[in-house]
Structures are given as C-alpha cells and as structure tokens.
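Next up is a structure, given as structure tokens.
A, B, C and D label the chains in the order they appear, each numbered from 1.
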C-alpha cells in the first residue's frame, strides 16, 4: 500500500508526532511518498525518518490515499493540486482546530489502523471551477474546494458586482465583494460573511455578498449545476479573485464564470465523525452554557 | 377545457374584476368549477356570474388547472387541499403583493390567453409532510408548501428543541421555535426569521431557529430527502405546530417527523416571470436607491 | 442590618443551600424579611430556618438590600415590584445560568461577606415604562428592566406596527412584533431576535423588529430619553404586550407609549464581575474553540 | 457673509449646476472661498465663475459655513480637514445618493435661501480620534466622522484582534477586521458588516467585527466616552487602519487607541429632513412593496 504525504513547513512543535506517525506507517509496510518541499523540511529536522519517495502533487501522485498534515490551508492546497487524480485525502491536524481534518497528528494508532485497515468513509465533496475569457489570467488549476471570492483590491471604494445565473440576470449590488461557496466551504469564509451553513451532501452552492451596502442584500442558495457569470466594476483598475484564499488579480470589468468543477474531492472521514458533530464541537453550533 | 376556482371570501374590492375574468373564461368555452364557499360568496355579490359547478377541493377536482384567486394564503390552502391530485395551480392576485401569484386579477386577457392557449410553464415545487405517532393529533392533510413551524404556545417561556436527522443527533437549542421550509417557503416566514433564500429548484430544505437564545445558533440547509425527528420540551403543557400558518396544538414532549411529502405542487408561471425577477421586484432583494 | 429575600417556589434541589445561606446571614446578626409566598414555601420544606418577617414586595420593603434567589425570572419580577423603592437587589442564582445574577446560592461565604461588609458595587440600570390611554388595560406596575415586547396574539397573521419617536414618524413594518429593550435587556430576548448588544451603562434603548417580513427592516438604537408611540394593527382582534415576559392583552388599534421609567434598578455586583466577563463566560460572546 | 466651498474633481456632469449655484450665491452678496484644487478644477471648465479666494481647508477657513459639493466622500474629507475649526458643513449632493448630504446641487434656490437666511439646523455629530504610540505612523489629522476600521492587509489570512475598554479586557476574535463607528457612521460601512443602526444623537459608538470567523461574535454598542485599546496580530507583517476610508498601514502587533475626538462636526440640515426620513428614503429602511 502506498500513501502520499503533503504538509506545510512551519510545524516544528509537532515534529516528533509526525515522525512517530510516519515510522508507524512504515513499520506496517506502507510505502510513503512525500511532496518534495515537505520531505526536505522534515529531513532537515528529523534525521530518523523512514525513506520516502519525493513527488510533486500536481504531476500525478501514485498512491491509494494522501495524508495532508497541517490545518485547513494544507488540506485545501492538497485538494486543489490533486483534484483531477481521484485520490482520497485524509486531513491530519497538526495545529489549531481544523474543520477539514478528521484526526489529530498525535492519534498515531487511530490513523495507522484506519489507513491500513481501510476502516474509513470517503465523502465526495463538490468543487468549484473558475473560468475567464482572458485565460492567461487564471491559475493553472482553477479549482476550489471551499470558495471562490471576488473582493475589492483597494479598501477605499466599493465594487459593483453583477451576477447572471444560467444566462439570466440574478442580482446586482455594491459592497466589498461576493463569495460563492460549496457546502464544504459553507462553514469557512462564508460563515464569516453571514452565509448559510449547508450540509456537505446538499447539491447546492451559496452566493453570499461580502459587506454589501444595502439593507436588501442577502445570501442565496442555488443548485450546484447553475452557471454563474459575474462581472465586477470598480473605480479601481483591478479586483481580486481568490480560490480557497489564493489570490489572482483581474482587471475591473473582466467577467468570470463560476460553475461546478468536473472533479470532486474525496474527503476521508474516520468512523464516528460526521458533519453535525463537527459543527457542534468545532464551531460550537448551538452550544449553550446553560 | 375545465378550470377550477378557489378563493377567499373577503375580496369585495375586486369583485368586478373577478366577474370580468370568469365571464371572459366562460366566453372562451371554459367550463368552470368553483369551491363551494367561494361560489356562494361570489353569487351573493355578483348575480351575473356564469354558471359554475360546485366542488370541495379535498374531494377531488375534475379540472385541467386551478385558479387560486386571492393572495398567498389562498394559494397555500389550495395547494394543501389538492396536492395529491396532480393539478397545476395558477395564483391570481386580488389583494396585496403575493409572492406565489403569477398574475393580477385585472390582467383578464393575459390570464385567459395563458390558460386557454396553454402558454405557461409548470414548476414542480417540493412540499413537506408532518408525521406524528399520535396521528389523531394531525390535520387530515398534513402537507405544507411553504413551511412547518414549531413554536411555543405561551409567550413567557422558551421551548427546548432537539433535532435528529436521519436518525443521528443534529442540534438542540432553546428559543421561540424552529421552522423547516421548502425552497418555495424560503422567502416567506423563513425570511422573517433570518433563514436563507433558496432558489425554488434546489433540492433542499432549510431549518431555521426562531429567536434562539444563543449566539451560536444559525440556520442550516439540508438535503430534501433528509428525515427530521423533532422533540419539543417546555414548561408549558402544549406547543404549536403550524403547516403553512394553520395551527395544531401538541403536548410538550411529543415528537414529530418532518420529511418531503410524496406530492409536489405544480405552480403555473406565466412567461417572463422567474424567481430572480420575483425576488428583485416583490421582495426588493438587492434593491438600492443609488 | 436588614435584608429582604425574594424567590421562586420550585427550587427543591437547592433547598439546603438556601437554608445554609439564610442561617449564615442570621448568625451574623442580619435581620431577614421574606416575601410571603417564598417564606411559606421554604418553611414547608425547611423547619430549621431562622425567623423571618413576612412582607409583600409591592407594599414597601424595609431593608437595605434584597436578595433575589432563583434565576433571571425571579430577579425581573423583584425589580418590577420594588423599582420605586430605591433598594438594590443582589441576584443569587439557584438554577441554570442567570445573566442578572452575580453569585451562586452555594457561595455562602462570598455572599455573606459582601452583604455584611458592603463590599459590592451598585449599578443603576435604566428601566422602561409602558403607558396607554386605556389605563385600566395596564398592569399596576407597568415597568420593565429588560424589555417590553409587542407580539401577535395568534400565530397565523402578521401584525402591522407603526412607531413614532418624539412625535415624528420613525418606522412602519409587518411581522411578528416589536421589542424595545434597555441595555440590561439587550442580551435577553433582544439577542434572540437579532438586536444589538449594548453595554449596560449606555444611555440607549434598542428597537428590534421581531421576525419582520421585509429584507429592509433592521434594529435601531435610540437615546433613552426618546418617547415612543406604537400603534399595532392586525386582522386579529387582540395583540399582546409583555413587560419582562409578563403578558397583557390589548385591542388591535390601541396605541401604547414606551419611555424611560422614572426609576432605575440598583443591581448589586460582586467585585470582579463586569459586563464583558458576563458576555464572554455566560453568553460565550467571541468564544472560539481554536 | 462668507461661504467656503470644497468639492471633488470629477463632476463634469454637474458643472453647469455648480456654476449656477455659485453665481446665485455671489449675486446675493456672498463672498466665496474655495479649496485650491477644486477652484482650479472648476476654472478650467467654467470661465464664467464668480471670483473666489483660494484656501487650504486644513490651514484655517475664514467662513461662516462650508458647502461640500460632491458625495459622502467629499463631505467626510471636508469634515476631517476642518473639524477643529468649528465651522458647520452643508452637504450638497452632485452625484449618486449621499447619506450625509442635505440638498441636491440642482436645488439652487433652496440652498441659497437656507445659507443666506440661516434657515437651517446644525447637528453636532461626534467624531473618533485615532491614537498610536508610534505617532509618526498616523495621518496629521487622525479624526473620523464615520468610522475607523482595522482590516487585514492581505486577503489570505485572518487577523487576530484584541480589544480592551477603559483598561479592561472586552473581547478577542479572528476575522477580516474590526470597525468602530459613530452614530453618523452607523449607516455607512457599519451597515455593510451587519452593525447596528444608531440614531445620530445617541452618545454611543458601535464596535462591529468584520467577517469574524466565529458564530459567537456580534457587534456591541458602548458609551462614546469609552477608550478602546486595540491590538492586532497577524501572520502578515502589516495591517491597515482606515479613517473614513483613508488608509494607513501599521506593523502587526502595534496597538492603537480609539476614543471620542475633542471636536464635533456641525452638520447643516435643511428644514424637513431628519434621520428617520433619510433612513426610509435613502436606505429604504423598513420599505415594503406590499
């Protein structure tokens, strides 16, 4: 069995736990593949690591599953990089609370048992794809598991956002921006801007205005096969489009298209975890001290 | 062609428009059937009405379509009464702004052309069904097109609501109540309690807490094939369950089940109307005076 | 020194703690006065209680302070009853979390020291007064420490609320009702309906619509010397006005006036408690699991 | 009588109305003073302008009143520049809807009568002052009539905001930022981020979190004599502080102090305008199409 490893490179507090986890997997006969930067980072700190082949996630990962070691940022980057490759990802948390992670890096036995025994569940989560006529403006993998957000580039003037849905006018407003999110992303930035929480298996996207300057503007939930054409105008020459927090800058007036991506992300969930549990325990949804 | 008519009995200001509409339909050879109470009401005021057979909506309506003349309340009552009969309903507005109506009672020509020419679109809208072990407590047609709401019977103490989804715990909170709505109902009472707007063809329901006493409680969107089991506890002996505003009283501690109804309502839409248009023009969604 | 005691009559789980507290106060030479119903309730359960004179709160309480033993409901009732008598109230919690209580009934030593040593702070909290031309409709003590709410009497139709401020039109909307709250009440029912949290010493009231059916309606904060005239219309013949949860029924069309009461409530606060602490620890304001 | 004029320099569509207004004032014997840049802009386009002395607003304006010709941005800039000089400002709108403007540039007669006849009301609006130990980081006039906002400099990571009030801990949260606004600013950016509307004469400020990533975070209203110490931490090296939309960049970790400014802005209001009218007509507060 082969497992690929991705991770961020600022986790010195968790290094010994990472080492213990990787050694335990190797001891069970698992072949390890690590993304190049993460492997180099670990080897500088941990001379006793088991051997791992290096890879670049974007170039094709030859493994049955990927372990993303870090937080939600690492998970999102990994999902974007491998989304066309149909490999499930297990989020292993090594920092603060992660909403996308299913285990803690300290839970060595739990993780090793689940991966080697296959005692996990894969949830197929929809993703978003960003399109644009001036294609050179886009990142090479224009996919997002959480959200695509359109925000003003400068803080002093609002942007003017027009949205068409399936070729028909949907809405038009002024504000800081607009966010389109998947159910997975509904508890991320969408929650911050007041958008609705969506159960991960709903076939929907939410469009949530970001700081709209009108009492009348509210988020809306649409079918996930809707095609959204969004035109942004501004006094400023540029505006930003972010895919899961990774920024691209476009010219004011440029339209983008947001639709469901052709790929999904397979999110590995350990037994006993589910969405409601995550909501209650990580986000304190409905928590009450009485 | 046969058209059935339903309506409320307090529309004296619109009587002459109703008469003109019914005469115009009769003149085009349409056979009219009217619900008994509405027919009696109209005949008292309008001696020149065309002949109409009387019917009770619940007992089976022999017609190709139903015209609901009134506002949203009339439309909802009609939808509930005929939902198992697979007859589309056209909402004809004769009062204040109706969100479910597609034409105004004064638009005689438009309505006659659409009905006799078949130049309309039918949108199949999902409905909710209410279940309860003590079935005698329920109304005979326990269906709702907009929403089922669970609210406290007395104003002085909060109720305690526990929700399971598909047999798993979802949430628990204290407040005035809980509302479960369809996409159709998302712009009705759900909008008042801060729930999300959902495009009518999304396959979702929203659960929106009503005045929850906790900062942590927020609405959630779930798949429309989810089964919700809801238990309500209270200091008071009773609580209320409303189907589209029609109240039933249950004992505190009684659980109810809310799920998608086996029927849909066929909502007749005239050409040129769509959801975004209704949102913008009737609800002023996104409207801005600048 | 004389301390008056008020309390609710369903606290059997805390009886021994109440007894210990009262005995400890008596042992320090404090003369105790208890409201009649509470005294009778306690004597039935606790034969070893110290002697206490009986009183009715409304008829004048001869004491330096009042101890309200129970939860927020008991505190509010006590505050209403004695608000014209200028006696500070200490909230002693004997149930679930109380937002107005400053000590727990189990904290015998803390409470005894504070009361006998005078080591506490009194916060003077503004109250609301309800006026109405048909004065017989009003309760004899038409004051509220938390809020006055105006709500529909029946669940099936919205009420129509018009508000004038200082004789000028302020707003008009349809919904379940309107709530006017003090800063003290801003974390009570006001919080449930989405109204703003106000620091207790701000000189403001908030007007918060309850489930308004319009995207455009939002709460507003006004000066606490504003005079509000509120007219409520409804299809139903009656509507409800509640003072801190105590209900009165008025005829639709009757106007009421809400203004700052001539009295304040002196809320006793133990050292080390303050508003931000209560917000964070009792309401979990700003709490984050990360 | 002497009137000073400020204005922005992109109002070619309104040039003839501006010319007519200035000529009408001159014809009534009003001496005009104009800020240098605006005067130069107008003279390039309008050779027939009356003579106007030039001035810089910051250096002292010798006039009984200032006319700010433009929108809210122009008004805010003018208020900041002259706030220590105790000269009232009339907002004359020459673009889209302005919330701070009391007249339209086309209303020549109305404006001339009001200014020359003194038939207006002056509302004294509180302002905010920004303080910082590294004073060289601040703009020379660190005042704001609407709001001071603290926002992240980069879009990809949240900032961590800690607030003390009068030397005591108030709150701590993660998000896009924090906004502190005056009652005047409560309908500006504060409204976009979900903060409470406050009547202009309330003695309060609102603290509104900007896109906080926690269900538990909500705006709070505090007394306007509170002193707020705000510390911002971030993965990024810098964060932004904006005074009425004018940006300054500070190092992460730098604390700022926000308190009521020693000056107020005198806002000239024409007869018949008031706050509720502005709310209803410009912001559509409470507007309902039914």
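By our rule, a residue touches a chain if its C-beta (ideal position, glycine included) is under 8 Å from a C-beta of that chain, and two chains touch if they have at least 3 such contacts.
In UniProt terms, the chains line up like this: A, B, C, D = NAD kinase.
Predicted, not measured: the structure shown is a model, and the values here were computed from it.
If you compare A-D with B-D, the chain pair joined by more contacting C-beta pairs is A-D.
Rounded to whole angstrom, the centroid-to-centroid distance between chain A and chain D, based on C-alpha atoms, equals 39 Å. Distance between chain centres (mean CA atoms), chain B to chain D: 46 Å. Along chain B, residues 212-218, 283-285, 287, 290 each make contact with two or more other chains. The touch graph of these protein chains is complete, with an edge between every pair of chains.
Across the complex, chain A meets chain C through its residues 96-97, 215-218, 281-284, 287, 289-290. Those residues of chain D whose C-beta lies close enough to touch chain A in the complex are 149, 151, 155-157, 175-176, 188-189, 191-194, 210-216, 240, 242, 245-247, 283-285. Chain B makes touch with chain A in their complex at residues 165, 168-174, 183, 186, 195-199, 201-204, 206, 212-214, 216-223, 226, 274, 276, 279-280, 283-288, 290.
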